[in-house]
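Consider the two complexes below, in which chain A is the common component and chain B and chain C are the respective partners.
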Partner chain A sequence: MKNIMNVALGIASSIGGFLDVGAIATAALAGAAFGVQMLWVLVLGTLCVMFLTEMVGRLACVSHHSLVDAVRERCGFRYFSFLLIGELFVDLLVLAAEIGGVAVALHLLTGIDYRWFVPIVAFALWLLIWLGTFSIVQNGVSLLGLITLAFVVGMWWMGPPWHEAMKAMVPSAPSHDAAKYWFIAVGIIGALFEPFMLNFYASGAIEEKWSLKDIAMNRVTAVLGMGFGAVIAVSIVMLSALTLGPHGIQVDSYEQAALMMVQPFGSWGIPLFAACLGIACFGASLQVALNLSYLFAQGFGWNWSENLRPHADARFALVYTLAIPVGAMLVIVLGDPLQITTFSMALNALLAPVIVFPLLILMNDRYYVREYRNHIVGNIFVAAIVIIAFLIAIVAIPLEVLGG
Partner chain B sequence: MGEPLPLARDVLDKQVIDPDGCKVGKVDGIVLTLRERRPPRVIAMEISQAAAWRRVHHRLGDFADWLRTKFEPGHEERPPRVLFDHFVRGGIDVRIDISWKRTRARVWEVWLEQRVIAKIPGGRRGGRKD
Partner chain C sequence: MRLLSVSLTVALTVVAAGCSKSPDKIAQEAREAAASWAATLSAAAEWWGGGEVSTSYVQTVVTQAHTSLHQEEQTARTSAGDAAAAPVRAVAAHAAAIADAVKRGDRAAAIEAGHAAASEVPVEKTPAIARPE
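Here is the complex of A and B:
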């Protein structure tokens, strides 16, 4: 019974972890601009992230090392230094996007300019990490994220176009706005492959002392958690396609994205969207901020655990204490949280190979994972998707930036 | 002759753990001493940002070392080292037989605990939260 509860909790928190500002924004953009045509990107990316999540969990179960820890040890400091700088830059942008998402949610509820909420959100975030334990961060907030099931309810209410959705499972090129299409595709993949999520998952497995007996639970959690998370993301694409696309509403801001909930839920639509966005982003911002601490502490071999009081792992505590105000400042300086989100998600796709290829090396290294090595199908599938996403990102990001 | 020890595989960049299971740092560098007409001998493991960054570029190493000598509590000449006499075993972690308290590897951790973290409300007590 306890095992079933653990798996259920793991799945629920994976759904919460899966759906963050990036997943909501890119799914809403895709649905409004291209209808259900981009569902194949979401499905392919989800399959890939299921493999990746299972791998990092297995690595933690067998070697008791997180992803960053093992990459530093296996690939050396020189390689790690590139990963450190890349992930620091991207994670700070993602943290800014998540804090911005919470602030925009509060703006949707109150009408007050979102910038006023940024310092309050940042302080609440820091306080929860400073005082809370790992299970509060991981399970408590993520369970609240189940409110995002409202997107699924909204989609059912509107009557989803199943026939078109099934046809959209086959990869297809756009008939218009090719640069935008591929930029959003890269954003969707980037939102799924967030490097912070992989290392956070592995670090969580170590915080919760997973071992060989948890390998099966890890597999179930990775597949069902990411699978259910994808169902919600698919619902957002469909809902956006059904409600925003037909009215010619292009998602240029979160206010426009929120309109997708008005048709199914009436006057409750905007507050419900705000609650989904705010809770999902708050949960994700906790994970990103903590992951920055994990990144430094594991890479440099410091003491680390969210379950230790800050006095017992001072450098670990210092990193999130500095990262959160920097993330908050980025929201205020850069402005427009939606643009920060889409841009940082595309950068995630660029960074993905830097973290995924060492992972594949580790998952085939007898030294780390003993007889629990990867199957060749997993290796080829993950490598192929990551390379394709990286190549598309190299082409699509400059095109979209130059095209405004 | 004992078992050969592949230093680059089993020691360099590995997590150093003391007898109490505390994380001391990563092995950022390995120090050898040259001896006349005899093979070099491994004498210590360096646990130092300067040693690590020097492996990326010598200027980065020099800069990290300048920062260390300028700002590190105690202003020691040499970066923190653990003598190889304390090496117990390598692998995916390196085990040593002395406590971190007898090394200078966590000098910044201690300084931060006392000078920064302890001054923030809730930062005085150690141990676990749960």
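Here is the complex of A and C:
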């Protein structure tokens, strides 16, 4: 019974944790601009992230290493430094996007400029990590994230075009705006396998002392949790396609994206969208800030655990204490949270190979995973998707940035 | 080393040339942005009229529309001339009319200004159904 409860809690927190500012923004953009045509990107990315999540969980169960810890040990300090710089840059941008998402949600509810909320959100974030334990961060906030199931209800209410959605599972090229299409595709993939999420998942497994007996639970959590999470992201694409696109509304700001909930929910629509965005982003910003601490502490061999009091792992606490204000400042300095989001998600796709390829090496190394090594299908599938996303990102990012 | 620097220069020039925007492209982008904001304003005004969105939300949308349209207008005027900026300016004027109507609490005037904004620029509607190449 206890195991079933653990699995249910894991799945529920994965669903809540799956959606963040990137998933919401890129799905809304895709639906408004291209209807349901981009669903195939979401499905392919979800399959890939299921494999990746299961792998990092298995690595933790068998070797008791987190991803960063193992990469540092297996690939050496020079490679780790390269990974550290890349992930620090991207994670700070993602943290800015998540804090911006919470601030925008409060702005939608109150009408007050989102910048006023940024320091308040940053302080609340820091306080929760400072005082909280890992289970509060992982389960508490992620469970609140189940409110995002409202997108599924909204889609259902609008009567989705199932037949067309099924057809859209087959990859297709756009009939217009190719640069925008591929940029959004890269953003969707970047939002799905954010590097911070992989190491956070593995670190969580270590925090919760997973062992060989948890391998099956890890597999179920990875597949069902990510699968149900993807259903919510698919719902956002469909809802946006059904409500925004037919009106000619493109998503250039969160104010426009929020309109997708008005048709199905009436006067509850905007508050519900704001609640979904705010809670999902707050949960994700906790994970990103903690992951930065995990990254430094595991890489440099410091004490680390969210379950320790801050004085017991002072350097771990120092990293998130510095990272949160930097993320908050980035939101204020860079402005436009939606643009920060789409750009940081595309950068995630660029960074993915730097973390995924060492993971594939680790997952085929007997020293780390013994007889629990990867199947060749998993290796080829994940490597192919990551390489394709990386190549598209190299082409699409300059085209979108320079060409508007 | 020299070969590398020459190759990099050529590649950057090609990318820059390929990515630089023509006045036609800028004018088209300005039209698209104006059309999208016009559709947004029209929907927001109509839903505000029906009591489905709050006054603070519709004010937020109008403020955001005003900021975006102002930036779009400046870019269009500088790079593609006054004619390219005209549709953006027209939608911005209707946004101001909606803002006034919201301030007065005049729902009928807000809806009318919203419709006027939408009729100013032809809106390109995206069907929900996929239309691959």
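Criterion: the second predicted complex is superposed on the first by the 404 of 404 C-alpha atoms of A that agree within 3 Å, B and C clash if a C-alpha of one lies under 4 Å from a C-alpha of the other, contacts with A are read in each partner's own complex, and residues count from 1 in each chain.
As a working rule, contacts are C-beta pairs under 8 Å (C-beta built on N, C-alpha and C of every residue); 3 or more make two chains touch, one makes a residue touch a chain.
Note that this is a predicted model, so its numbers are computed, not measured.
With both structures placed on the common chain, the touch criterion links A:Pro161 to chain C but leaves chain B unconnected. Contact with neither chain B nor chain C is seen for A:Ile206 once the two complexes are overlaid on the shared chain. Look at A:Leu59: by the touch rule set out above, it reaches neither chain B nor chain C. Of the two partner chains, neither chain B nor chain C is touched by A:Ala25. By the document's definition of touching, neither partner reaches A:Ala323: not chain B, not chain C.
Contact with chain C, but none with chain B, is seen for A:Thr110 once the two complexes are overlaid on the shared chain. Contact with chain C, but none with chain B, is seen for A:Gly35 once the two complexes are overlaid on the shared chain.
When the two structures are aligned on the shared chain, A:Gln256 is found in touch with chain C, with no touch to chain B.
Residue overlap on chain A between its contacts with chain B in one complex and with chain C in the other: absent. Remark: chain B residues 12-16, 22-26, 28, 47, 49, 52-53, 55-56, 92, 106, 108-110, 112-113, 116-118, 120, 122-130 touch chain A in the complex. Residue ranges on chain C touching chain A, taken from their complex, read 15-16, 18-21, 25, 29, 32-33, 35-40, 42-44, 47, 51-54, 56-57, 59-61, 64, 68, 123-133.
Looking at the complex, you find that chain A touches chain C at residues 32-37, 39, 107-108, 110-111, 161, 164, 167-168, 172-175, 238, 241-242, 245-250, 252-253, 255-256, 258-259, 262, 266-267, 269-270, 398-399, 402-404.
For chain A in complex with chain B, the residues that touch the partner chain are 63, 65, 69-70, 72-73, 76-78, 80-81, 130-133, 135, 299-304, 306-315, 317-318, 321, 367-368.
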